[in-house]
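Each of the two complexes below includes chain A, the first together with chain B, the second together with chain C.
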Partner chain A sequence: MNKVMSNKLVIALYVLPALILIVALIYVPIILTGYYGLMDWNGIGAMTFIGLENYTELLQDAKFWQSAKHSFLLALFSSLSLIIYLLISLVLAGKIKGANLLRKIYLIPMLLSSVAIAQLWLKIYDPNNGILNSLLEVLGVENTPTWLADPDLVLYAIFVAILWQYAGFYIIIYYAALKGIPESLVEAAKIDGANPIQIAYKIKVPLIAGVIKVTIVLAIVGSLKYFDLIYVMTGGGPNGASEVIASYMYRQAFGSYNFGYGSAVAFFLLIITLIVTWLIRKLTASEDEVQY
Partner chain B sequence: MKSKWYKVFMAFALIALLALAACGNDEEEAGSDSNSGGETEENESGSSEGEEKTIEFMHLWPEGSSKQHYEIVESIIDQYETDNPNVTVEVEILGNEQYKEKLKVLSTSNELPDVGMTWAAGFLEPYVSGNMFASLDDLLEGPLNDQFVPGTAEAYALEGTTYGLPLELNITPLYYNKAIFDEHGLEAPETLDEFKEVVKTLVDNGVTPIALGNKDRWTGSMWYMYLADRFGGPEVLTNAINRSGTFEDPALVEAAEEIKNLVEMDAFLKGFNGLGNDEAKGYFINEQAAMYLMGTWDLPEWTTNEDNPQEFRDSIEYMKFPTVEGGQGDIDSFVGGPGVGLFVAEDSDVQAEAKEFVSFFVEQWGQQAVTKAGVIPATKVDTEGTDLPQMYIDILNDLNDASNITLFADVQMSPSVAEVHLDMIQALFGDAATPEEFASEQEQALADEE
Partner chain C sequence: MAKKIQETDQSIAKKLGMGLLYLVLTIVAIFQIYPLVWLLMFSLKSNSEVFGLSPFALPEDPKWENYARVWTDGNINLYFFNSVWITLASVLLTVLLASFVTFAITRMHWKFNKLVLGLFMVGLMIPIHSALIPLFDFFLKLGLVDHPLSIILSYTAFNLPLTIMILLGFYYTLPREIEEAAVVDGCSVHRIFFQITLPMTSPVIATTAIINMIYNWNEFVFVNTFISSDKYKTLTVGIQNFIGQYLTDWGAIGATLMISIIPILIAFLILSNRIVEGIAAGSVKG
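Showing the complex of A and B:
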């Protein structure tokens, strides 16, 4: 087998199918998006080359920056929420009763499709018949909030749903990483007299630092390009109060038929994501790899 | 060395095998296709000497979600194929949104179906300017002359040439729940002042007056359009859009002011800006709201739909939108417009047959749509001797007496201006824009486009 793998031709041959797919489905569209971003195009008719005009417009577009602000807020909240997920995983990975069942419960939202989750939360947030407002009414609240119609609340109301959607995913990742820590290290710490909090904070968390870094990147990048729940639950409204970059891009391209401008937004989003990823990697870089 | 090359060879062989297997499938399919083609030819060779033609037809009524529509389409196609044995109609069906996407994709690669469905005005525009749709003027002057309700086929015309033939026509009556009205001793209002009295009484009694799902924005737009019509007459909004007038017309600002007043009176369902139309309709059906302004496409919900309780359906009636004292609009003017229509592709290689099919389709559809699917066709309907629910007959009669039908504003506008209009509607209803800002933003967007 080693012999075969040393043959360049064979390597190329085995890599080729995946390579063709990834180039055709990912890299070519990226390049095309960059190209369309330089055009004035409605998606159907003729294209006109306008250079960087879309981008200069973008930089002055207050609606774009508002949606960018929302995307970054989402990124902030989802990275902060990682702390909670980590705490839950630490508890789950400790020897508590029913950890197995709880793990599955946390994972269930991950298995639902975004649209189903959106419908679920729409029912919860319904201002008159919703579970949440009915509960508040029982508790005696007079002016119950109109969650998804209130420009001040809508963003946070959706954030809750999004964080709920992804909680299971991160908990599972942390749980698996924590389970991978050799028992002997924890035992040794115990013998040295460390209490459970010290074990968690000084032994376990540093040991899974690599995984934590990856989840931070995933959470932030995932938030920046987030689309599904927002599109289904509010469509970015009311009055752009819950618009994020991806939903703004979609509205420009498919709502206003500004395909060129939409492509410019998409390409700009790609650049932002790349820069942020690079920054995170830079900030969290460490010399010593963890070794067991 | 030998074994190395052997493995390379095996790898190639494997790929080749896969490729061959794929080809094999294709051949098989092609084979069976030509077989069936041969059979039909044999069967029909006696009846027709003409050459075999295939019309590709794409529509958006899947069997699952629009069963009655689907069945009518199928029966029309069957009929047509029987009448024209040398023509085969090949159908492709997609749901609404996928349909729009696919049409767009096909148009960029110049592969539109021979016959397909389109929407009026703004939707049509890019396709026409891209020279994708064929002119259908010859049909309108020929076999379909005087078949359409005035103002419907015109919505598919650009610069005097018609590119689509409408199948549906909708107006938007204001439905109300008679049971709720009776309970509070209310009558259907005829003027805006009376209407506000009704709203006030309902609010005072803890009843939500109007179900509105303004997340979708076009729902609120219809309320605004009616008020604009009642204040300034049927031309004022249309003129602002086609640039012979301005959006800063006092009547248009006044209409926006009135929306604000209604919102302040709590006339609309709580949280309307966060609710979709389907959710709002749910409130109306659950009798949690007294009124609902919606297109006649919802008529089956109040008449024939067995999912809704009989008691509820019996209590639903409709009124014409109230007039404004001193306003220019009259009560017989409606907001509405044709829904989907048929187009013929400009570069179709069977254009003559496609046009003939479209003409046949429109006529057949006109005869069957309302009785079989509860769809009001854009062609004139004779209500005599048809067995329709009373509400249909009333609406069809109102339609005959209509003084004007104003096409939905977001359809009249180009897609990007429509987006501004819809956003401003949501802002106006949500008190995020003053009536003056509402008017000036749209004026700006319309002026930018000139």
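Showing the complex of A and C:
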């Protein structure tokens, strides 16, 4: 038994192709990103070593901090929206007829490409022919906003599209977790006279705390790397009002050919992502994981 | 008597409460679905309808020719078939390589098993943008920029961690007796893998395949960065180009977007349970 299943040649044959791929296309590149960040490089010509110059420039780059602020704002909004998703899931996982169909309907936008979603929402927000302003006009609103062209509104407008895209994803996760709670626990609480709100708040939510923790990480880390939707909808505009870290990096590297500086931004993105993941795991780690 | 009234009061309150909950759930459903219905409607309109009439109006006389027009004139047919074959090739490669690795990790005995698994799992957390510049440089040096292999390999590498994670859960719960009996009977590892394990894991393979298919079909950054000629572009980047040229032709834009999402919607109609299961199982990827 052990002999056949410990054949080194077979193990190498099965593991190496995938391992080489992820090392060559994920691990080596992220290390190189840190290294290129130390270079002055236009992507084609020779690299010049400039030490930490890109990183010190980054710390003083107001445009970069503006985009970082937007990324963190999106992370904050996304985490807060989890509360709404959790409430919807609590209702949905109760004895609701058609819950299965509803959660599938909620999921549909999540399956579509960010490019298609961005193009669709560009049309929804169209100041003259979009459904949003037409609806507002029907409701009697004068001076309807220009949404994506308004620096004060653009980030919120994008966030609504993000909400639309990801709502079903989180609802599916919470719903699955809530359905995994043993019926006996809920029944016991009912016999003890707990009302549905107490059951939700005191029993169900604590029991799925582990899943909630994962979704917080997902929402924050996911927000920090948002790109496609914003790149297509506004390109970071107007005048940087919706620029985020990833779109700033992309513009620096593939727009302005500052590959060295772009690498520094990309490396910062990697570090902040890893730190945030680690931090949330650490902060929300409970000594005694709930068991049932 | 008083008690009875109180009871009916309670049941009315309960019914009202339930009605309110259903109302909220329905409003959420409408919010999620109406934009797509609206997309379908404007994809069938002429420009005079889009700009002259209410956006809520139904198309007067559905312009199916919008679809025919973008399919050929807008190169959408080319982008569509590129998306199909690049997606399929990447999915096949990813699922096969991931199955090999998961088999070796859960069934075979070797030293660095945990370390290798760790490498794949940490890969889940790496943002693609942090690898993009060196990847571009790497493919440039290999002559693979503007070559479909660059995106197929990137899709495979970046989807391997998630695929392996979903497969692992299934492999761990799968009984090993049949495989062990096969070893006793003198079966080779390859025969065990291809003739016993792969067929036994077909449900989870289907789940990972459909999830991979959706991610690859929708992918944008790699294609946008690595591919420059039209003949290799996939739908996401293709429709971006197309829309850049037909900014004011809403019917054409709507038809293009519909063509890009219809395959996903059809897959969802047929395989919704698998997709839901895969999304829940692979929730580590955002």
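Going forward, the second predicted complex is superposed on the first by the 274 of 292 C-alpha atoms of A that agree within 3 Å, B and C clash if a C-alpha of one lies under 4 Å from a C-alpha of the other, contacts with A are read in each partner's own complex, and residues count from 1 in each chain.
Here is the rule we go by: a contact is a pair of C-beta atoms (placed from the backbone, for glycine too) under 8 Å apart; a residue touches a chain by one contact, two chains touch by 3 or more.
Treat the numbers as computed from the prediction; the structure is a model and nothing was measured.
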Chain A as common anchor, with chain B and chain C clashing or fitting: clash
Touched partner set for A:189, first chain B, second chain C, both or neither: neither
Touching partner for A:27 - first (chain B), second (chain C), both, neither: second
Partner chain(s) touched by A:43 [first = chain B, second = chain C, both, neither]: both
First, second, both or neither for A:14, with chain B first and chain C second: both
More chain A residues in contact [chain B versus chain C]: C
Footprint overlap on chain A, comparing chain B with chain C: 4, 7, 10, 13-14, 43, 128-129
For the chain B and chain A complex, residues of the former touching the latter: 3-4, 7-8, 11-12, 15, 104, 107-108, 126-127, 129-130, 132, 208, 214-217, 269-276, 279, 283, 288, 414-416, 418-419, 423, 426-427, 430, 432-433
Residues of chain C that touch chain A when the two form their complex: 21-22, 24-25, 28-29, 31-33, 35-36, 38-39, 42, 50-51, 54-56, 97-98, 100-101, 103-105, 107-110, 116, 119-120, 123, 125-138, 153-154, 156-158, 160-161, 164, 180, 183-184, 187-190, 193, 214, 217-221, 225, 235-237, 239-240, 243, 250, 253-254, 257, 260-261, 264-265, 268, 272, 275-276, 279-280, 283-284, 286
In the complex, chain A residues that touch chain B: 3-4, 7, 9-10, 13-14, 42-46, 122, 125-129, 146-151, 154, 234-235, 237-240, 251, 255-258
Sites on chain A touched by chain C in the complex: 1-2, 4-8, 10-11, 13-15, 17-19, 21-30, 32-33, 36, 43, 88, 91-92, 94, 96, 102-116, 119-121, 123-124, 128-131, 134, 164, 167-169, 172-173, 176, 214-215, 218-219, 221-222, 224-225, 227-228, 232, 246, 249-250, 253-254, 259, 262-263, 266-267, 269-270, 273-274, 277
